[in-house]
Amino acid sequence: MLCTMIYEGKQRIWSEYQKDIPDDRWYYVRSCIRQNFFPASEKMFTEITRNVLGKDIYETPHHTTCGGIAYHCDTIPQETAMTIVARQFALMTEAGYENYCPSCITSFGNYVEILETWREYPELEARIREDLWKACRREFNKPRYLAHSSDLIYRWRNEIAAKATHKLVNGRTGEPLRIVEHIGCHYAKMFPSKGVGGAEYPYVLAGMIESWGGQVVDYPERRHCCGYGFRQYHVKANRGYSMSNTYKKFESMEPFHPDAIITNCPGCPYFLDRWQYVIAEQTGKTYGENGFGIPVLTYEELAGLVLGYDPWDLGLQLHQVAVEPLLDKMGVEYDPSAKYLGLNREDIMRPELPGSIKCF
Amino acid sequence: MTDFGFTLSKSSTLDLQNVDRERFEQLCKLEKGASVCIGCGSCSATCPAGILSGMSVRKVVLAVQRGQDVRSMLQCCMLCGKCTMVCPRGINTRNLILSICSIYG
Amino acid sequence: MKGNIVIIGGGIAGMEAAKSLISLGYSPIVVESSTKLGGHVASWYKLFPDMSSAKNLVSRLESEIKGATVLCGTKVISLNRLADGYSLKLSNGSVVNASALLIATGFTLFDAKKKEEYGYGVYDRVITNSDLEAWFSEKKDARVPDEPESVGFVHCVGSRDLKACNAQCSKVCCATAIKQAIEIKERFPYAKVYCFYMDLRLFGKKYEDFYINAQRDYGVQFIRGRVSEVGETLDGRLQIKAEDTLSGKPLKVQLDLLVLMSGIVRNQSIGELSAMAGLETDSDGFLRSIDNEYAVIESNRPGIFYAGACTGPKTVPETVAEARSAALAIHSYLETL
Amino acid sequence: MAERFEIGFHPFVIPFLAGMVFVLGVCFIKAVIVVSQLDEGDRKKWFRSLIHPNILIKNLVDIILDCLIHVRLWKRNKVLGFMHSSIAFGWFMIILLGHLQVLIYFPEKLSTCYYPIFFDYFIEGGQYTVISKIMDGFLLLILAGIALAVVKRFWSRLFGMRRTTRPTLYNLIGLYSLWAIFPLRFLAEQCVRSGDLSVPLWWAYSIALCTFMTVLPFGRYLHIPAEMLLITFRNAGVGITQPHKGMARVQADSCPNCGVCIDACPMNADPANLKDSTVYLTRQLRRRNQERIREISDKCLLCGKCTSVCQVGVDGPKLRILSRAAKKYRISPDFSNAGAGITVPSAENKVLYFSGCMTSLTPKIGRSVESVLKKAGIDYEWMDRDGGLCCGRPLYTAGRLKEAAELAARNEKQILESGVRVLLVSCPICYREFRERYNLPGIRVVHYADYFCELMEQGLLRFEKSDTCYVFHDPCELGRGCGIYESPRRLISKAAAIAEAPKNRKESVCCGGSLGSLSLDFSRREKITAASLENLYRSRADAIATACPLCFATFARYSDRPVKDLAQIIDEQTKQI
């Protein structure tokens, strides 16, 4: 029996951290790195929201980085990040939208931090408006609503559940799947009131898991960072430290035997996924069943599976850790031979498989 | 094993429930005072060896409690007894030190 | 004689009890061994945490106990049990019979000279908390330099120290040290002020605010390490040794003034009184109450009650509250006679 | 006068002869073992001393004075002295005169060994010679001694002893057989002519002798032969170098279990320590009970009072230090870098003042010494003003001898390098260590009590006498340890009034703060301090003076009257000249 703490206690906390998420008309901005790490995720977001749920999600190719990575790596001052962000808001204003939805957690944190800073220091906002005008002759309105793209999926989780073809249930045993939810640090740790469910017990991903039939795994190191930590990973000498943090999380969740991990941040799924291979190489240890790792999915990928999309269209073949055990449990049908066939069934070539962790 | 150019760092967390208390319990039998230390640091401050070598009776007591190796921490002790004089809890620090010297090997 | 009440000790406990008894219709006799009323509080400058004037408190109480007979400079020579009360022989030659006695003899400040390693009475620049209070009031003390650059406070001098024969916490010194550190900072804003502590015990209402104020608004530095010895440099400054236990390193610092927070120890007269009246003393040397939770003001003898620091270290509000409840307890006791 | 029987033998001499052979044999074997256990050098010293005429004479004199006459006991307690010397000396004289009698009248029978013992039985009319009459006198003397011993056995307080040891079974057998010997001999001699009772009494006499001699090697009476060996060892300069062997063994065996050290021991202010006096140490050393030896050794304050009152000179502290040294520690100190950061001022033609570790916790002492030196115009340097190395005595007394020597070597080097001629010390613990265990050629090590006395005699200190009356507490290490008793008193009498405590000088009571004890913790020392203070209070002095930082700090904690260090008193009562 999994220990899930006092559920009513968590509910009480969740009820204190609710935020208004309008139902439609969102200005959507993509993440710098997600498109490389898990390229189908953002595609799936627009696919589900526009085509399955019929929402107005607007995108523009003029959008750039928000400056968040550079800001968190201490390479640019906050004023620079603010001016970049001001330009994004100007693009939104020009497009006629008021609701801003970034796909990246660090971006989300960056936007929140900047909006809060402007609220405390209006003179700074005025200066940034001036700077933006001088730089590119643009003007902007601040978004009326700011939500992370996972907030939107959370908002529509029950609509997705209603259209679902698969549930997060082990088809063989009938038991709910045990899912670890991992929230990006910049989602609510800086401004707990801006995240669904707050910082200590965020509900944004837990809500999706519950709606789609799974069971949330609560383990001691749940709050811990995935290990990416920007500077830690980017400086090669610190990578051991980066990985050690991931290792700590896996050691802590291992006794709960999770079936999968879902995340809402660009870096987290990548590092939770890739480090499992490196840890297996270095220590010989794997955390899934039978020599497999624990599959790590983005919430869009999970939504895609629930809605019955083909796993290979969701880009699951780009994961280091094999996802097939999860697909088997969920009863998702897939063609193993099509795994490494790309668009138009073109062979994208099967990678060299490691010996330390079981992969297909 | 593939060389990635980096490895897992050793955890610096003190895992309290897995701390080896055997030596500390042994010490408490030989010198009951070991259990009442409040870590005020009077002993370390007055220690003639501490100024030059960094020796600290307070740290030694803590380290024994935490199951750490203290062998290198007592090598400058001259048993002069100043620590005994200043201890507000009346711990017989000289017996404490001699007892530690006899149980660590 | 019924209704005759003798209060031994004219500090704030005795005065407050006298005041309450007067309002209950009695005319108590206050026997005070020193020449003036007010006890330790009378020699204090300000009280924590509201920084109100200690002298005002004492003079207000003095004006409020006009209905009592106050005998200053008087001691109890002997005490005899009568059938329904006590007979006291006083040092002024008179004999008083009382139906009830209130013991409010208070405490003695630990003699800092006994902590020889701190050099009180040996070095010029070492004073105690009470010396500092006197200096705050009178501004006369050759030991306090005109413009000290650095001032240190040593907590727990003679408290929580078996070597000083007092294992107990004196309760008020932590807050007093912070109060005095703030007062020093107010007078010498550029002085560096250090508090050397083993544990900070700031348990009372708003004491924690006091602590935060001292850190944030006055820049008082708190060092977790007990001072082990004090020496003098060639130019007459003090050099103190402690361990900065949080960084784990021996620490030394030169000071222009060192203030020792002398703790609260039992009043000498407790020994004589307990022998005369057959009162029990507790393992800490103070008078033993019936119990230390529910009946702190009650003694093992009928008609004898306690108030204030005769039963252990107390803050001003605790002392005042005990004095009032003792007055009420005496009243109910006399009703039953 | 003639022999009664042709054959000159009776079976009742057999027990005596057997006991005699047994005791001589055992004692001889024990002596050989002990001598073989001595260090090579000590053994050679001892053999040489046995043929050295001066030492030989000294040995004889000491044995007569200590073992027979018990001069030291006479000095301590006349009744006890009389009791012991009457038995020991009387018995010795009876044996001597008995042999003399046989030698004179029947020289051919001397080889039987038993003739002198049972003379009256074998010789008709033997009791009428002058020698016999003298012997009768000695026998009466012995009987008087025995009578006293019986009284003492049951009412020891009459003899000024509050506590004595409880005798073991062997000791009881020995005691009662010893008591029986002389009355039995007396009765046998009286009955020799009346016939019937005579032989059984002679049997009883012989059996009593046999019993005594048989239990002798196993009980306290071993001290009789052992003390003689101890005297020769001591006069030869043999020291204790091993915890349980050689000289240590002889000292343990020489302990007569008289229990004088029990009352003397300051730890006995607390009844919990009653079984930890030196007499119990020697008992356990004989029994080789390592656990108790360790416990007794670790607890002792090493104040040395037991040795100063001991009748045979058992060195309790030294025995304990060596027992402590026998313990093996797994962590050993490393002083190779000790003192690296300390600079000792150059002090050529100056006095170098070493205050020691403890004095930094009692700053009054150091400041007073400094001030007095300034007043007397002495050029000085303070070696460890900002801290220095420990003298090593605490390590030495803890039994870590090698480590103490290492530390001493480092200090020696620094002191010698300073070029100093006079090393002034204020802490008696350091002072004793410097005197006994340092090699400082050309340097005079002096305690400030002696030094200030000299300054006073040279007229360099001008005293102003105060009315305060002080009682001087002799610190263990200064008094018993270094023999300085008079200088402090001369200084105090110059500076103020002085009173004496009932127990003073070499019988001064340890303050209880001693570093000597390893296992006595703080809470178990309070009673010792209280007893020491009680002794000082009896002098009715206004204040207490001492000359040791530890005594000072310990007394100051509990005393109800002011406690001052000698240096402080001198400083307060002298003026600049």
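Going by the order they are written in, the chains are A, B, C and D; count residues from 1 in each one.
The definition used in the following text is that contacts are C-beta pairs under 8 Å (C-beta built on N, C-alpha and C of every residue); 3 or more make two chains touch, one makes a residue touch a chain.
Just so we're clear, the structure is a prediction, and the values are computed from it rather than from any experiment.
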item	value
Pair of chains joined by more contacts [C-beta pairs], C-D or B-C	B-C
Between chain B and chain C, centroid-to-centroid distance (C-alpha), Å	37
Chain centre separation (chain C, chain D; CA means) in Å	51
Distance between chain centroids, defined by C-alpha means - chain A, chain B (Å)	47
For chain A paired with chain C, centre-to-centre distance based on mean C-alpha positions, whole Å	62
Sequence positions of chain D contacting 2 or more other chains	360-361, 522-523, 553
Two or more partner chains touched - positions in chain C	117, 162-164, 228-229
For chain A, residues that touch 2 or more chains besides their own	none
Pairs of chains in contact (touch as defined earlier), listed by label	A-B, B-C, B-D, C-D
Partner chain C, residues of chain D touching it in the complex	360-364, 367, 386, 522-523, 552-553, 556-558
Complex contact set, residues of chain C against chain D	114, 116-117, 119, 122-123, 162-165, 228-232
Chain B-facing residues of chain A, complex	236-241, 243-244, 247-248, 278-279, 281-283
Chain C-facing residues of chain B, complex	38-47, 50-51, 54, 56, 58-59, 85-90
Residues on chain C engaged by chain B in the complex (per definition of touch)	117, 156, 160-164, 198-199, 224-229, 241-245, 248-251
